[in-house]
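Below you'll find the structure, written out as structure tokens, and then a few comments.
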Amino acid sequence: MNEDKYIFTLEIEVRDYELDSEGIVNNSIYLHYLEHTRHAFVKQEGIPFGSLTREGLVPVVRRMEIDYRLSLHSGDVMLSRLWIERNGPRFIFHQDIFNKETGELVVAAVVTIVNMENGRINRGDELADRIAKYLEQA
Amino acid sequence: MNEDKYIFTLEIEVRDYELDSEGIVNNSIYLHYLEHTRHAFVKQEGIPFGSLTREGLVPVVRRMEIDYRLSLHSGDVMLSRLWIERNGPRFIFHQDIFNKETGELVVAAVVTIVNMENGRINRGDELADRIAKYLEQA
Amino acid sequence: MNEDKYIFTLEIEVRDYELDSEGIVNNSIYLHYLEHTRHAFVKQEGIPFGSLTREGLVPVVRRMEIDYRLSLHSGDVMLSRLWIERNGPRFIFHQDIFNKETGELVVAAVVTIVNMENGRINRGDELADRIAKYLEQA
Amino acid sequence: MNEDKYIFTLEIEVRDYELDSEGIVNNSIYLHYLEHTRHAFVKQEGIPFGSLTREGLVPVVRRMEIDYRLSLHSGDVMLSRLWIERNGPRFIFHQDIFNKETGELVVAAVVTIVNMENGRINRGDELADRIAKYLEQA
């Protein structure tokens, strides 16, 4: 994975209520961070969440792969970065979270998203047009 | 508070992901338990949540008072009990959570709910009719 | 409640995963915002959370009163403000959350905190010394 | 994946506060269900969570793959099932969640867990002994 591929970076600070009984950020919270990062990205592109490109087109997570490398603790700040690949109707978000202070990779995720329209998978051409400049073709 | 007043009891088991970094159930989780108990109650009465008595009538929490007496830990089972008082349009849920094993009071809450209809407070007569047998008049 | 009393303000942005099935911030999430604000305050004062003033002294929420006035939605930014009153061993955090854009009061909370030390309530003098300049005496 | 492989099944009911703004169970909540199921399994085996076999041995999630097939809604009941494979120090939990009423597969997950001891990966022989009868060798 080439660091140059990243097209978006969001800084997020750990909040104490995100820690679990072991004093580290709970595994499930990373899904929140990853989702929050994707939303911040499409928002930056002027694509309001919930109606990715127009009414009735809904982005849905189909598959998620997450490698948990290191933990985050109270007060840690992370850099949540992503790049996107298109494979037919599937938009594959490569999302990596780094500890800002140490630069170490904390979590590496690959999130596959499709666009649903009236219960069926949409080809995704509208979304692809909107973010064409960022897309790697698979 | 007279124990005989309780009209509904739900048994709930603590799940490990509800613990915070101090190894006890996080304060915010009790709001989930309390809400879950109210939903289970109205469900038992045949009142589906979200449309308390008919389309467009939405129950809304207006005020909450919570006393935190004791903590719950991994594996604990609680008895979540309630009784209801009506004060005009306000339905006041008195909700107490006990540690099932020790019988001790863990959390005592008073939750004030009103029914909203098209953005305005409804008098609540329909709901009152549905649960009349359980209502204490304030 | 005099607006001039506020001694600390934190800006917080709603994240989409904090919305519930009605598309508004879930009631329980406000407890996270309130806790996060208190932690940010003590952090600013150089008091690390978890050991408020020294090892073994643990702040515990004893009682919470929350009035829910308005809702927050996706993308909303809030101003979370607080002032503190001392009443013997009890530290009473008056915490109000405003919609930054409209200036409207969203949530008004009164949170009572005591310091526990080895399972007993501490008089709280150490904490009071640390934040003396901010304390209203009840 | 052969249905006969399952060695443990837990019935879990969706709680309304687990729904997100689209009215379906939020993706991150499935991590809670999966964790809760693993804990229930080791508890049934008499292995208390947190100290899988003895003091100092801590199970850690290293990798997670989740396929989201269908959604769960308010009131749905799921059957959360698992079987386990060992591959050296890695314990691979194959976890599938079914809608109890329809029998349909909702989520299919593969969760890789290692045992950490004093910051290093343990070979996992103790855990393997405890659950030997259930283990598939990879």
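Which chain is which? They are A, B, C and D, in the order written, and residues in each are numbered from 1.
Assume a residue touches a chain if its C-beta (ideal position, glycine included) is under 8 Å from a C-beta of that chain, and two chains touch if they have at least 3 such contacts.
Please read all numbers here as calculations on a predicted model, not as lab measurements.
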Any chance you could check whether B-D or B-C wins on number of contacting C-beta pairs?
B-C
Furthest chain, CA centroid comparison against chain C
D
Just the number, please: Cα centre separation of chain B and chain D in whole Å.
31
Distance from the CA centroid of chain C to that of chain D, rounded to the nearest Å?
36
So what's the Cα centroid distance for chain B and chain C, whole Å?
24
Do you know which chain A residues sit against two or more other chains?
16-17, 21-22, 28, 32, 35, 50, 74
Considering only which chains touch which, how would you classify the arrangement: line, ring, star, complete or other?
complete
Which bits of chain D are touching chain B when the two form their complex?
15-17, 32, 35-36, 39, 43, 49-50, 74-75
In the complex with chain C, residue positions of chain D that touch it
16-17, 19-23, 26, 28, 74
Would you mind writing out the residues of chain B in touch with chain C in their complex?
21-22, 27-29, 31-32, 35, 50, 58, 60-68
